[in-house]
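Across the two complexes that follow, chain A remains constant while its partner is chain B and subsequently chain C.
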Partner chain A sequence: MFFWQILLNSLVIGTQVLLLAVPLYLVYSVSKIYHLGLGATAAATAYALYFGLTNDWPLGLSIGLAVIVALAVAGISYWLLEPFARQKNSLYGLLTSFALGLGLEALLAIMFGTDGKFLIRQVLPTFQWGDLYITQPGAWTIIVGVALTVLAVALVQKTPWGRTLRSVAENSFVASSLRINSSLVRLVVLMGASLLAGFVGIMTSLNTALTPQIGFNLVLMAFVALLVGGVSSLKGTVMAAYIVSLVPELLVGLSSGFWDMSANWKMLLVFIIATILLIWRPNGLLTKAQRAVD
Partner chain B sequence: MGYFFTTLARFFEGAIVSVGAHLTISLGGIFLFGLPTMYALGAYAFVVCQKFGLGSGLSFLITLGLVLLVSLVFILAYWKLSNESLAIFTLISVLAFDAVVKSWDSVTGGVLGIAGVARPSALQTLGQLVFWEGALIVIILTLEYFFLKTKFGRALLGMRENIPLVQSLGISSKKLGAAMILVASILAALAGLLTVWRIQFLDPSIAGMVVLIQVVTVGILAVKPKVSWLIGAALFVTLVPEILRLFDLPSTMVGNLRVLLYAVILIVALRSLKGWLAPKRFV
Partner chain C sequence: MPRLMAKKYYGQEIQKVTDYYLSEINQRAAALGKKFEVIYEDGKCTGNDSVSAFHKLVDVDGIKFILGGSCSSETLGIAPLTKDSNKVLVISALSSNPVINGLSPFTYSFSYSDDTSGKIIAKQMSAYKKVAIISEQNDFNIGIKKVWEDALKQYPGAQVVANEIFPKGASDFRVILEKVKKAQPEAIFLNPNPGVTAQNLIKQLAEIKDWTNYKLYSHYSYLAEDTLKVAPTVVEGMIIIDAPKLTDPGFLSLKQQIEATKGTVADLGDYYTASTMDVMNVVTSLITELGENPQAVRDALATRTFQGYIGSIHFGNNNFPDIAAAVYKVINGKPELQP
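Moving on to the complex of A and B:
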């Protein structure tokens, strides 16, 4: 029973990681930039909701503010990253998004402080099955997360819009010659990615305390999932997101009584798993070996 | 005088890490984000060894061994992964090391840290420490200056522009990159050790994102293969946050303002220097 409870809790975290890995994959696909600032976008959106709720705004208005903040950060990200995406200068794009993320987190810390904030002040409502239980925000994270991921996979692989997106990812110059506005595609993807990241930020802060760094650990876990799964494979990313979340959670959970590993060790376990998997399969778990052509 | 010596020591320590950032990020185009890990590892390994009663020589050897071991992991990642993936992978190492330090409190002192770190007998006063740090940075910068004049130094510059060309000249870019990662790691560990001797206190906040953004900012600002650019960038990054002292700000806010300031500087530098940063194609 204890094992199943840990598995259930791990599924929630795995889905949060997955929900951030999908927008990272989408942004990388169209711009070849690892957008490290998505973690801070998640935190900023959650803080916007917190601001609305603590100032007694109606829920709809608070959600509206959160959406505006997510879209505004997407706009800033687009303005900062677009020159590097056009130049195919992914390294300096990565650095810019890193600086944007750290700057945004520092700004949130200055505005709201670094102490934990709570979106829900009372005890979290739960669903119960015998001895097993899950918090309602956790259950919604799993349901909505899986639904959104399936939707994203279907959208990218089965629709004309997905083909447009993949064409920009493959060769933006050829796409432009076919009258596809690559910059617009990148802007739309960044907006969608920011909204998705914002959703993750809100769902995470419903389960735990909201701090400016809430998105950073999660976005790094999502990056590990992206690297381990293979940056060109959405299925591999989905699989890796659950592996890098479930294995540390299970190891920490099941170690109680033997070594009493604290939850703080999880990031070290993620690093060790990433090291092993990346050295074993540097191109990703599900990526087939290709013959290099020069 | 104390403030002057402290600022000077901070500049010297920053410059030592920055030499590593200059060799890897600026010149080699190797995005090694794990320098704060090495910075903290150098400090923690030595202090923990001393805490358990080991002599200075043995503590130093163990520290060096651990630094080499972690460098080996970074080198493996450098060989196996793309440059962006290396950046992310080494960035995760910063958080992983932070997790170890915070969790293993019986050894590292956890979040409370280790107080009363003893300085070596030759570095008892802040003035002595500053003098030796100054001497050390002069030696390191001189070595870097002469290294950049050698064929390997030129090959390192070539690596950022055109790796196949460097390989066609019979120089292994893999081995050269690995050597630079090793040198940068040792320098970062040395800077961490010097910092802990200066502040005589060690806690998890010694490294982390603040050190990383400082190092990366120097790495980007010191884009030219000149030692003078490196000194200028390290000096700029050390002195700019001192502006905040002019305002009467709460201490909790100052740390976050420093990060915000570095983030803005880094973004402005990347946008304004991108013509110099991106490799140019000459036809």
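Moving on to the complex of A and C:
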């Protein structure tokens, strides 16, 4: 029973990482930019909801404000990153996205303070099965997270919209010659990615507490998952998101005696696992090695 | 012209107290033609950031008196920088890590030392055979953890069955709580920083509904009633070790005025609200008397006895004042002083 409880708790964290890894993958696909600012987007969206709720706005209006903030951050991200996407300048894109994230976090700290906030102050309601339990926000994170991920995979691989996205990912110049508006595709993807990030920001805050840095560790893990999973494979990213988050959680949770590991080991374990996987499968977990072109 | 270095964690509450009390100090100082000014720098409760803030204050602004750090990590970071110099005096209102004692002749703290509270918690928990501790990774919590572990060695009947540490500012404790639950301790020492981390820890402890056969122990982090309200059933009966309750009506009225005008200082609590004002009072009085001379102010601080809101303040050969600890028990959601 102990193992299953640890697994259940770890699954919530794994799904949080997954929900940031998927948008990170989508943005990278169409722009070749690692949009690390998505972590701060998650935090900004959650703070918007917090602002509405603490000012006694109705829940619907508070959620509306959160959606507006997520889309506004998407708009700012598009404005900042689009020139680098067009120039295929991934490094400057990454740096700009990272700076945007730091700036947003600093702005949130100035506006709301650095001390944590609760979206729900009371003890969280739980679902109970015998000795096993899970918080309701945790359960919804898993259910909605898995559903959204399946939807994203289906959209990308099985629909005309997915083909459009993949054509832009493959070669945006050729896509343009087929009258596909690559910039519009990137804008739409950024908006979807910000909404997904916002969702995970809110669910993580509900399950724990809200701080300006809440998205930072998650986006770092999601970034590792994207690299380990293979930047061109959504299924690989999904698998890697669970591997890099579940394995350290399980190792820490199940360790004991001489091998006992504290929670401080988690990030070290993440990078050890990532290193092993990257050495074993340098192109990604599910990506076939490509023949080198002379 | 003393300037304060503080901010994050309790820094925002310290700022409320300082802003309010500075006007009182300046009203008295105006009669002597003086005016004190406070400038804030954020040490972010880390050694690195506090050293940067220290250099900015001392090397750029030419500051001679620093009221800080606002947590042990900050004070431990900057204390070595004052050791071989008589140009800067550092006085903290909150730092309690016992390592501060003897670290530098120019670094003092008006807090009680965790040496006292850690030992009392260990003694209280020695009544149990299986005990556990959950600590946050920062200098305050690791300092008191070490004292607790050393003190517990004197009681061979008490065995530490779980000793968990989580990263500073972490917010998801469910996995480590399950580990501690599996070890079946009879008593648990909760050792996080005050504020949301402390609240989150008991909140997540309360989620585990089939685990109730343990006794909780802690320190200052769980003294605020706001924190206890988060999970009232779990904290009922918790034993908290902290400084003696402050009953000075003058102080209690002043604290009420601060909270009415500046907002809550619940996480700072009575003792540290009082010690923040006492540090300001003592330092500005000594500067008024002795001039902006860190050596002279330091010598007076080390040898004289002062009366403050926290009681009689005397350092002797130590860097902490001689403040006793008291035992509180949470009854009906409130920490009640025990005889």
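Going forward, the second predicted complex is superposed on the first by the 288 of 294 C-alpha atoms of A that agree within 3 Å, B and C clash if a C-alpha of one lies under 4 Å from a C-alpha of the other, contacts with A are read in each partner's own complex, and residues count from 1 in each chain.
The rule is simple: a contact is a pair of C-beta atoms (placed from the backbone, for glycine too) under 8 Å apart; a residue touches a chain by one contact, two chains touch by 3 or more.
Bear in mind that the values here come from a model prediction, so they are computed numbers and not experimental data.
Aligning the shared chain A places chain B and chain C in steric conflict. When the two complexes are overlaid on their common chain A, residue A:178 makes contact with neither chain B nor chain C.
Looking at the shared chain after the overlay, A:118 reaches chain C, while chain B stays out of its contact range. By the touch criterion defined above, A:264 lies against chain B and chain C together after alignment on the C-alpha atoms of chain A. The interface of chain A with chain B overlaps its interface with chain C at residues 113-114, 262, 264, 266-267.
Note for the complex: chain C touches chain A at residues 8-9, 12, 137, 163-167, 169-176, 178-179, 182, 195-197, 199-200, 203, 206-210, 230-231, 267. Residues 29, 31, 73, 76-77, 80-81, 83-85, 87-89, 91-93, 95-96, 98-100, 102-103, 209, 213, 216, 220, 252-253, 256-257, 259-260, 262-264, 266-267, 270-271, 274, 277-278 of chain B are the ones touching chain A in the complex. Only residues 34, 36, 80, 83-84, 87, 89-92, 94-96, 98-100, 102-103, 105-107, 109-110, 113-114, 217, 220, 223-224, 227, 231, 261-262, 264-268, 270-272, 274-275, 278-279, 282 of chain A touch chain B when the two sit together in their complex. Chain A makes touch with chain C in their complex at residues 2, 5-6, 9-10, 13, 113-118, 121-124, 126, 128, 131, 133, 135, 207-209, 211, 213-214, 249, 252-253, 256, 260, 262-264, 266-267.
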